[in-house]
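Both of the next two complexes hold chain A, though its partner changes from chain B to chain C.
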Partner chain A sequence: MHIPDGILPAQVCAAGYAITGLATWYSLRQINRKPDPMAEIPKASLLTAAFFVASSIYIPIPPASVHLILNGLLGVVLGYFSFPAILIGLFFQALVIGHGGLTTLGVNAAMMGIPAWAAYHLFQAHRYLGRKLPEPTRIALFAFLGGTLGLGLSVLIFLTLVILHLPAEVDARAEQAAVVAFSLGHVLVMVVEGLFTAMLVLFLHRAKPELLES
Partner chain B sequence: MRYALGLLLVGLGSLGWETPGLAHGVHIQHRVISGIEIQARYDSGEPMQAAQVSIYAPGNPSDPWLKGTTDAEGRFRFTPDANQPGNWEVKVRQAGHGDIVSIPVAAMDGPMAGEPATVPSASLMKQPGELSPVKHWVTIAAVVWGFIGTALFFSRGKR
Partner chain C sequence: MGMTHFDTYVPRQSVIHRWSPRLKLVSLLALMFAFATVQTLSLVPWMLGLAALLYGLSGLPLSFLLRRLNYPGLFILAIVVLLPFTVGNTLLWQWGWLTLRQEGLQATLLIVGRFLSILTLGFILLGTTPFLTLLLVLRSLGLPTILADMTLLSYRYLYEIAAMLATMQQAMRLRGFGLPRQHWLQVNGQTLQQLALLVGNLLIRSYEQSERVYRAMRLRGYGDGAQLNLGQFTNHQAVGINLGLSGAVLVAAVGLVVAEWVLRR
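Right, the complex of A and B next:
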């Protein structure tokens, strides 16, 4: 679901870099306010590796196949570390795997990183909402919702960007139908990523709950 | 009456015999030409079916010279204009994904001038810089090891 080079006009790519620059600055500022900013780097680094590899894991959904993104998972587990982690992961994906591109790095980082923040804040709501549910159920439910929302928002941004910037030479109706079918194919991936996020968060909650305290 | 009908049929038959140009004759001519075939695949290996193809002639990168769609195997064939040698750009796009490939087409001189130009087939089969699957996964493993090394480095200081 990465936007490659040559799909979007230059102004949109520049705007993507501007938004990503601001979002990275804000993330680093939030990280610096922590008592020990270095403490979460190992966790962030390992999840960046998972994010980097995830785009090479394909789920066959006819007519094509889709790959995992895991931006919702990174948001839920890493909090404000998720944006720089996604930015670095996308940079290596563009260089090594050929997913996305360097001109669209800013757009892709904003498209996946800002929904990761939304996933983080949704997951943190488990501290205030659903108090009647048992704690593991509540944590798993909000982790599932966070993992699903992260990818869902990214798909919506992708859909909007591609449909709003169709070049004149493209058959607009065919391309719109293809983009909508591609986005619908991600509904299953959203569920898979939501379940995966819930399982990981439940495991961390039982094995090392301090990792979820970010 | 029967004679009159027979005469009419003979008359129509002879009319047809004498004017073969009115019949639905079919003539097929053929000549051997060289063209370009591209095949577009997603990096998962699946062909890009019914993807939109735009072909740009050298010197006119804004208006497509030809437009079309790929077949079920992700293939598209076209014959570039021999009078426009240079880099022909082929853009394939589907659902916000796509790529551009630049295909060099040499000018043809002498008796073959006017015929479609040829390109070396090898340049279409593999893009420069494309890694084999083994190298691809080795590179991925190296990057992953870099992330693991970073994690180990930053976790070491706390002990």
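Right, the complex of A and C next:
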């Protein structure tokens, strides 16, 4: 779901870099407010590498199989480190396999990273909301919502950008059909991504709860 | 995601290799953005020609580019299959329900042209500059320390973690894990659970390793004002190459932007 080079005009690419610059600055400011930010760097870095590797795992969603985006999960686990982590992951992908692109790095980072923040804040809400529910249920529910929202917002931004920059001659009816088909396909992936995030977060909560204390 | 080896630097003695990494990064990025501004079809051959000329100057083998185009080639294929037959009203050729349309063909040529040119420049940058040098250049251009350190550490442990995942997947297969036959549009919950546990274990192992790494880094003075040592990149390249190449590439970039502006008016 990365936007490759050559699709978007230079102005949009530049705006993407500006938004990513601002978001990175804000993330780093929040990170620097932590008691010992340097101690968190190895953890965030190795988890960035682990997420990058894990995104290569294919999940069977018949009739095909998809690889998950995991930006919601990244937000839930890494908090404010998620934006730099996504930026680095996309930089690696653009360099190693030409997935995404260097001119669209800013746009792609904003498209994946800002929803990761949203997922982080939504997941953190489990500390205050739904306190009547048992803790594991609450954690699973908010992790599911975080995972779904992370991907859902990214799909929405992706669709907006692609529709705005499609060639003007595209038949409106065909465009509408393509958008509906893409959205419906991704609703299923969003649910799977939410379930996957909930299962994984529940497991981390049982086995290594400090990983969720971002 | 096909993971090839990360540092794809190809040692050569070309002028692009001897070009100062800092000027190379800035000039090539400027040219990539200039390529992204092109909306006029008549500029596409110029753009492709410039990319081909720089690739030729870099001395990189053609196989390097072709191998790396495998994955992005899927995108080109999708565009070529879709746009010329679905976009536009001017029919160029028709065979049954299959119609080739002029506007779609033009849009395809424009998008594929920009895509290939920008991608080629990216691979020239990667093939002629070691990854660590690239990181050093980014730091010298103001990349924040946290971001530089995170990039370096992620890069350092990427293949170790990939090997860890491969071992875990092999262990799962040896214990009978396989993707069972599934019904149409039915997600198998058990498979999903097993894959979630796999990723969860990978995260825990990476986290535990990061604690050991951090302790080792602390013992070496990390966090007391000391930064990760990336080494120093030497900048003793010939002044002529630096000025000549950077000047030519920046003039080409500005020329393309101006030509685009003039042609669109």
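Heads up, the rule we're going with is that the second predicted complex is superposed on the first by the 179 of 214 C-alpha atoms of A that agree within 3 Å, B and C clash if a C-alpha of one lies under 4 Å from a C-alpha of the other, contacts with A are read in each partner's own complex, and residues count from 1 in each chain.
Following the convention adopted for this analysis, a contact is a pair of C-beta atoms (placed from the backbone, for glycine too) under 8 Å apart; a residue touches a chain by one contact, two chains touch by 3 or more.
Computed from a predicted model, the values in this text were never measured in an experiment.
Of the two partners chain B and chain C, more residues of chain A are touched by C. Contacts of A:102 after superposition: chain C is touched, whereas chain B is not reached. Looking at the shared chain after the overlay, A:41 reaches both chain B and chain C. Look at A:74: by the touch rule set out above, it reaches neither chain B nor chain C. After overlaying the two complexes on the shared chain, residue contacts for A:54 are found with chain C alone; chain B is out of touch.
Look at A:171: by the touch rule set out above, it reaches both chain B and chain C. In the superposition on chain A, A:9 contacts chain C only, with no contact to chain B. In the superposition on chain A, A:92 makes contact with both chain B and chain C.
After overlaying the two complexes on the shared chain, residue contacts for A:31 are found with chain C alone; chain B is out of touch. Of the two partner chains, neither chain B nor chain C is touched by A:23. Annotation: chain A residues 4, 6-7, 38-39, 41-43, 45-46, 48-49, 52-53, 56, 63, 65, 67, 92, 96-99, 169-171, 174 touch chain B in one complex and chain C in the other.
Within the complex formed with chain B, the chain A residues making contact are 3-4, 6-7, 38-39, 41-43, 45-46, 48-49, 52-53, 56, 58, 63-65, 67, 92, 96-99, 158, 161-162, 169-171, 174-175, 178-179, 181-182.
Chain A meets chain C in the complex at residues 4-10, 13-14, 24, 28, 31-32, 36-39, 41-57, 59-63, 65, 67, 77, 81, 84-85, 87-89, 91-99, 101-103, 167, 169-171, 174, 188, 192, 195-196, 199-200, 203-204, 207-208, 211.
Note for the complex: chain C touches chain A at residues 1-4, 6, 8, 29, 32-37, 39, 68-69, 71-72, 75, 83, 86-89, 101, 103-104, 107, 111-119, 122-123, 125-126, 131, 144, 146-147, 149-155, 157-158, 161-162, 165, 179, 182-189, 191-193, 195-200, 202-204, 206-207, 209-211, 213-214, 217, 222-223.
Listed in rising order, the residues of chain B touching chain A in the complex are 42-44, 46, 48-50, 52, 54, 63-64, 67, 69, 91, 93-100, 136, 139-140, 143-144, 147-148, 150-152, 154-155, 157-158.
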